[in-house]
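Two complexes are shown next, each including chain A; its partner changes from chain B in the first to chain C in the second.
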Partner chain A sequence: MESNIIDNQKLNVNIQLRPGSAAAEIKLNPGQEFTAEAGAMIAMSQGIQMSTTTYKKEFWWNYERYKKIAFRRKFFLNHYKAGQQGGTVILGATHAGDMFVKELNGENLIVQGGSYVASSPDIEINTNWQGFKSLISKEGLFWLGIKGKGTVIVNSFGAIYPVVVSGEYIVDTGHIVAFEESLNFNLTKAGKSWISSILGGEGLVCKFKGQGTVWVQSHNTTSFGNILGSRLKPRR
Partner chain B sequence: MPSKNAYIASDLGVKLGVKWAGFGSLIGGEGLFKLVVSGNGKVFFGAYGGILEKEINGEFIVDSGHLVAYEPTMKLKPQLAGGIFSSFFGGEGFVTRVEGKGKIYIQTRNLSGLATWVNRHI
Partner chain C sequence: METTNFKGFNFKMECQPDYGFVTIDIPSGKKLKVEAAAMATMDTNIEMKTKMKGGLSRLLSGESMFINDFKANNGDGQIQIAPACPGDVKHVYLSNETIYLQNTAFLASSETINVETKWQGFTKGFFREKIFS
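And then the complex of A and B:
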């Protein structure tokens, strides 16, 4: 019996077609469940039930110090449950890139909202993680606080590489896929002055201190979106 | 049967034809006609992202935008991904139920997913 419980905390994941077109193939035992990002499912075997939950995400944008605007965005997660025969679910991502699987054992992981793919049922997902308040509105990024025991699957835009921080390390916020909350982090400007940081195109960076791992992606979705979006012509 | 945009090239021994795909295919966004390749020789076909080959015996569910090619003996039926709420808010919309025995090819990325994402940045 006990082995069954342990089995259900972990997901049997096989990442295929790495690194450019990674897809996660998850093999489920009978009755096993997991949670995934809305829209991530590519294919699945018959007899798997899907349901959706809505999370209201609120975040605050401070401007002129005392005025605040609350943004409400809905965030959807799909839950999959295998039937009597078990089954397979294949999950993909929007952008070309890689994926990685992380087994959590109670520690906290912060994942960029767009990088989350799936997790086993005992993993808690906090959609209102507010560690980087000022960053959220500016770069259009949001972050998920993830903790518990089990498996988490994360995807990246481009290649993904872990950096084991010991001391200090600086990463452009748009390139952060995930990091361990055991690290101290604070947002700062990239250069010496705010003017050079903004004109230099680096914008905000995150300075990590202490011990822990940061997963970094080679491409930046926000920059890609801004470059591509501004070049598209309106239809007449 | 590769989907319309997937076909790239084939040997001379391969015949290309068009087959009525049925209205079910229209709902899945694949159009009313299907390309059929048959005969002897190699066929090249491509997709957006990577291609996974899957051996099916029975039923398998594929997100409609991810099905690249399948064997002509197989039957496709469009259906909702889950309940009405899940299908529209859960982001999966329509899925295709593939029935039969044989190989299917699915792509790991989806152009309409990219287009939706790009639209948010205009």
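And then the complex of A and C:
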């Protein structure tokens, strides 16, 4: 039975169709569970039970010291449990892009909210990680703190590219998929002045310091949306 | 026009043909012109400056009015850039030639390449971008 417990911490993931539009095929042992982002499931075999939980994301942002604005966002997670025969679940991603699998061993990983796909049950998902508070209001992103022992699956828009940071490195905020919490970070402007940073289209960038890995996505949804949005017909 | 010989800065293209993701090494003191908002990551010794290029016609053709100059200070720097839309990227080396690009197709070029936008009039209904070195 002991081997079974160890097995349940790890997911048997096979990522297909990389890097264009990846789909993760997860093979479950009998009784094995895992958690996935709502709406990520493409197909599953029979006998798998699904239940949904809601996480409320809420945080306060001090505005001119006295006004406070609350941001609320609901975050749904689906829990899958295999029946007697085990089974297979295929998960897809919201954006066309790659996926990566990371085995965590107690360390903390910060993942962009929309990039999270699935994780094994012993992984703790903290929806109230607020290290990037100032960033969220601008880019419309939120961040998840992921901790524990087991497997995490993360997806991106475009290809995923791991950058091993030793020293300093700059990443555009819209391109961050995930990073290890061992890294220190601060938000800065891309150019020398704020005007140049905003007009140049880069806006805020994140300067990482220390030792650790940042996973970068080759494309960013904001730029793609800007191009696509101007060509769409207005709604009637 | 050469598309096979890799002259100019050292670069590496990845994730082709689904996504264009280009890693470019900028030698110390040199500059690279990059389309606005295309930068994904860069070394900390690279300095960004925004310049207005092409004026109003560039804006009308659906591009940003601005081009970013990335300059490597104190040693070589590495920058990674990606276009906004998924799709392939291609390297073209120009020696005093002109290439016409569809609007929004420009991604990056060396400092000595001139980027212009041409207004073709309403009848022709498309815009041209002229590059020469």
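Convention: the second predicted complex is superposed on the first by the 226 of 236 C-alpha atoms of A that agree within 3 Å, B and C clash if a C-alpha of one lies under 4 Å from a C-alpha of the other, contacts with A are read in each partner's own complex, and residues count from 1 in each chain.
Here is the rule we use: a contact is a pair of C-beta atoms (placed from the backbone, for glycine too) under 8 Å apart; a residue touches a chain by one contact, two chains touch by 3 or more.
In this text, all values refer to a predicted model and were calculated from it rather than measured experimentally.
Clash-free side-by-side placement of chain B and chain C is the outcome of superposition onto chain A.
Contacts of A:52 after superposition: chain B is touched, whereas chain C is not reached.
In the superposition on chain A, contact of A:164 is made with neither chain B nor chain C.
By the touch criterion defined above, A:190 lies against chain C but remains apart from chain B after alignment on the C-alpha atoms of chain A. After the superposition on chain A, the angle chain B-chain A-chain C between C-alpha centres rounds to 90°, nearest 10. In the superposed model, A:226 lies in contact with both chain B and chain C.
When both complexes are overlaid on chain A, the residue A:218 reaches chain C alone and has no touch with chain B.
Between chain B and chain C, the smallest C-alpha to C-alpha distance in the superposed model amounts to 11 Å. Shared interface residues of chain A (contacting chain B in one complex, chain C in the other): 20, 96, 226.
Those residues of chain A that touch chain C in the complex are listed here as 19-20, 96-97, 158-159, 161, 163, 167-172, 175, 190-192, 195-197, 199-202, 207, 214, 216-220, 223-224, 226-227, 230. Considering their complex, residues 49-50, 52, 54, 58-63, 66, 81-83, 85-86, 89-92, 97, 106-110, 113-114, 117-118, 120-122 of chain B touch chain A. Across the complex, chain A is touched by residues 14-15, 18-21, 36-44, 46-50, 62, 64-66, 68, 80, 82-86, 104 of chain C.
Listing the residues of chain A that touch chain B in their complex gives 16-17, 20-23, 38-46, 48-52, 54, 74, 76, 78, 90, 92-96, 225-226, 228-229, 232.
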